[in-house]
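As written, the chain order gives the labels A, B, C and D, with residue 1 at the start of each chain.
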Amino acid sequence: MSDGDLLAIGGLFKQGRPTALVREVIKADFKDLKVSSSPGSGFDVDLLIATGCVAETYCPAVTLEERMCPSFRHAVEEGRIRAHCVDALSVVGGYLASANGVPFQPVAAWKGSDVPKHNPLVAHITCPFTGETLFATRALRPKLALIHAQEGDVYGNLRHLSTMTYADQMIARASDFVIASVDRIVAPDDILSRPRETSVPNIYVDAIVELPYAAHPSGSFPHYSIDEAYIDAYADLAEAARKGAPEGLRMFLEQDVSGCASQRDYLSRLPDTRLPALEEEARNL
Amino acid sequence: MSDGDLLAIGGLFKQGRPTALVREVIKADFKDLKVSSSPGSGFDVDLLIATGCVAETYCPAVTLEERMCPSFRHAVEEGRIRAHCVDALSVVGGYLASANGVPFQPVAAWKGSDVPKHNPLVAHITCPFTGETLFATRALRPKLALIHAQEGDVYGNLRHLSTMTYADQMIARASDFVIASVDRIVAPDDILSRPRETSVPNIYVDAIVELPYAAHPSGSFPHYSIDEAYIDAYADLAEAARKGAPEGLRMFLEQDVSGCASQRDYLSRLPDTRLPALEEEARNL
Amino acid sequence: MSDYSIQELQAVLLSRELKNGELGAAGAAAAIPMAAILLARLTHAPDLQIAGEMFVNPNPTQLWPSMLDDRALGACEAAETFLELFGHSHRGLDFFFHNGLQIDAHGNINLHHIGGTLHEPKMRGPGAANISYAGQSKRFYICPTVHSRRNFVERVDFITSPGYLDGPESFAAAGMNGGPHLCVSPLAVLDFDPDTLRMRIHSVHPHSSVEEVVENTGFELGANRNVHMSKPPTRDELRLLREIVDPRGYLR
Amino acid sequence: MSDYSIQELQAVLLSRELKNGELGAAGAAAAIPMAAILLARLTHAPDLQIAGEMFVNPNPTQLWPSMLDDRALGACEAAETFLELFGHSHRGLDFFFHNGLQIDAHGNINLHHIGGTLHEPKMRGPGAANISYAGQSKRFYICPTVHSRRNFVERVDFITSPGYLDGPESFAAAGMNGGPHLCVSPLAVLDFDPDTLRMRIHSVHPHSSVEEVVENTGFELGANRNVHMSKPPTRDELRLLREIVDPRGYLR
């Protein structure tokens, strides 16, 4: 990946996000990245924006759900990033077109919304069969996709154990290069014993890495739940930065991102009880 | 379903075909049906043609693989049916468009082949982004789809246990009405315990029926393998009919289709050792 | 005095709207709608189907703030992905739920920006993951957790998810069907005048009044001669809501 | 005299063509190609990937007549569907295999009809499930089980899967790349003259002769000064083929 390329992030909102890999992208100091995701994103996209490596977002929703993403909001309001006006069907349609190997995907929705009027991914098209006018959404081909799954083998076969798997398989098929983090590497024979459960075959995965709590602070079900406290603490600092007090956020980014040489460093900064509590919560759902 | 409607059949070649349901369609005496399938079909489509209820096929390949489908060949050569010149991408693209809720699917392949020149499902279209000329394939919306899965619950949640699941989920999503046969009904709690293994959710299935060996003579892995002997015996009779001796085929159709009031009747006509041997073969793969 | 919370009342009022055999869903940040769906399934609509958001018929053991992560699902009948959601978004559902930074007199929803322009906004909102269920579904419900002159405005600054646009003519001109059926706010149930497709008071919650609703609404509410009081939760509804749907009291 | 069958020889010759790290597949009725792939994986190409036909890296315990049912798969790394096949068919594979009712001088494949027209054929063929791997893949191999004047014709009656069309000009005009690399028939290995893109004899199988090949080919074969004898299976190749790939002797 180079400066200015499109980066796609797997997962959805606060679940299954390859956050450890996102921190590595931040540390690699890329500039002017374009960022996409499944249609729902939040913490990690906000973190990327807070560190200044993002120029454009193709994210339908950027939100922490109970509250807004402060760095996203701040950067858009100050004109530092271009938050393209896109929605689920244009982004998913874009991945689908790319995965399918075609240059666009037809969309026959969006009546009445202002979103398609401003959406740079869409154009009008006429159906050659019915004559109706509908939309086309442009194929989205991320240069690099980061994906998180619960399990995988050394060949890169991924297995999601969560109920929802979002757009991860589609993003993997749509992208030039795919790096996956997994909570644990399993034996190839384990993958062979249940082929229908492989959620992303190795033919779409270029590199795989086992990293403990690689999704933290997002959840990786059924292994560990969402660290709402961590996300909230970040959001408080980012909100303070938006309101003119950037010091806390700067220190957070130094300590939790640039200052962590390894995932072990990163995890060691969490309160001792945190990870067991997140595992406990996931077990009890 | 009415005379002239499009019927879609799940499975692929000699596997996962809802053959018992196909025999019921034959007994219901529809006329002038249009038939589609996953891109690979054989015995059941040939049977439908042999009984005279088919006017048009939208089947890329109609073959028994080691030999041709005699009734298909005979009917096309005599001009009794229209075998539309379609391929996998036009049919799969048609199901995909219908499942997606859009009127067509772009296709950017087919260079050099004569198939798209004769394919009634396709038209040219220009990409509004790249300016390139490519193809559009028309949404295919079957009136009735017949699907076979190994397991399902009373609500119609289906679970395929075979490795390949062809286009079954897509056909179910693309069709107006879906009837599924399963080898066994499982408890709803069994489905709830493994949601990611539900291959076709009940929201796409209108009716489900448990029928022993509902896929026979096609295979339903891992429960029972393909009855090549049965298919061969049929093909010999159909080939004789093509060559001017229709009596054997007529008797076969009477005895194995119209003369069978129930699946039990049908199965009782098989040699006693047949089904155990097919189960044994499936177990030993 | 009431022995139920406002959010519980909203959930109960919405639950009564859902019919047995229908199929619908709620999106992110949707505790009230999810409670409504689950309660309806326990009362009059046992065969209600919950689908369209990448899971089929979840059975959560408690409410969570979001419906869009595994915490809130419990055992499901099936898992889907954004591929299937793409299809659902075109075919639409029987019902869906929306909320917004701004809600206007015609039920349009804004989640993109307030003030300024889209790319030079005074305030930038989160955007919306999926804008298509509003326009493609048979009907939707608006269920804000705030009812004030700030979020109930005459015209949204940006139509993220469309309601009745500028009324019957523009709605028809856009080729639309469905639209918002009711808005169940913390103060009242608002419906839409069939002639103007503008919001009017359908019923006022027991703890509120017509005056309070008018006072807190930033546009002129259509006249409706039949304003009555919103029917509070029955003992049974409240019991099921608290014992089974929301045992942790998220809505309290 | 040979201690291997013709089909075994075809499988071995094809296996030597496949390179480590490549990704490819075979379709229905493809025992010879599948044997070639599996043998290559056991010899010089351990990281060969088998994908594109709804399964990823199968491990069959024996050969079967078809590759497109579960019998022939054994344990796989992943299962796919026609959705993913749609994408593979556009991106193409590193290699694929084709056979046909007719094969012509430029490597075009016909599975639709012989004689008459498409809808009034003298003989109707089975059609083809997927015609796109020929045009989209980096290269493909033609591996017929018969070599006669009946199936090796100057020009196919219908191009189901394209080879080099009518030669370099028409191939370029159609915007095509890739194309048939070799035809490994029961009598010989045929390659394509780079100038004309017509088939010529590359090597003749030990049990055959240039004369027999010419006699059984319904078109004029291009000249090739370097015709040699196809290299028979080594002891090791034959052992692996018979002990591991095809223990039931399907190819014998």
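By our rule, a residue touches a chain if its C-beta (ideal position, glycine included) is under 8 Å from a C-beta of that chain, and two chains touch if they have at least 3 such contacts.
These numbers were taken from a predicted model, which means no experiment stands behind them.
In terms of the stated touch criterion, the partners common to chain B and chain D are A, listed by label. Taking each chain's centre as the mean of its C-alpha atoms, the one that lies farthest from the centre of chain D is C.
Centre-to-centre spacing of chain A and chain B amounts to 39 Å, using the average Cα coordinate of each chain.
Each chain gets one centre point, the mean of its Cα atoms, and the points for chain C and chain D are 59 Å apart. Counting only residues that touch two or more partner chains, chain D has 55, 76, 79, 83, 86, 89-90. Counting partner chains per residue, chain A has residues 100-102, 107-109, 163, 165, 195-196 touching two or more of them.
Of all residues in chain D, only 23, 49, 51, 55-56, 59, 75-80, 84, 86-87, 89-91 touch chain A in the complex they form. Chain contact summary for the complex, chain B toward chain D: residues 12-15, 38-40, 59-63, 65-66, 68-69, 72-73, 76-77, 79, 82-83, 85, 87-89, 92-93, 95-96, 107-115, 118, 162-170, 219, 221-222, 225-226, 281, 285.
Residues 97, 100-109, 123-125, 127-130, 132, 134, 136, 138-139, 160-161, 163, 165, 195-197, 199 of chain B are the ones that touch chain A when the two sit in their complex. Residues of chain C touching chain A in their complex: 28-29, 54-55, 61, 65-66, 68-71, 73-74, 76, 79, 81-83, 85-86, 89-90, 111-112, 118-132, 134-136, 158-162, 165, 171, 174-176.
Note for the complex: chain A touches chain D at residues 99-102, 153, 155, 157, 173, 188, 191-193, 195-196, 198, 201-203.
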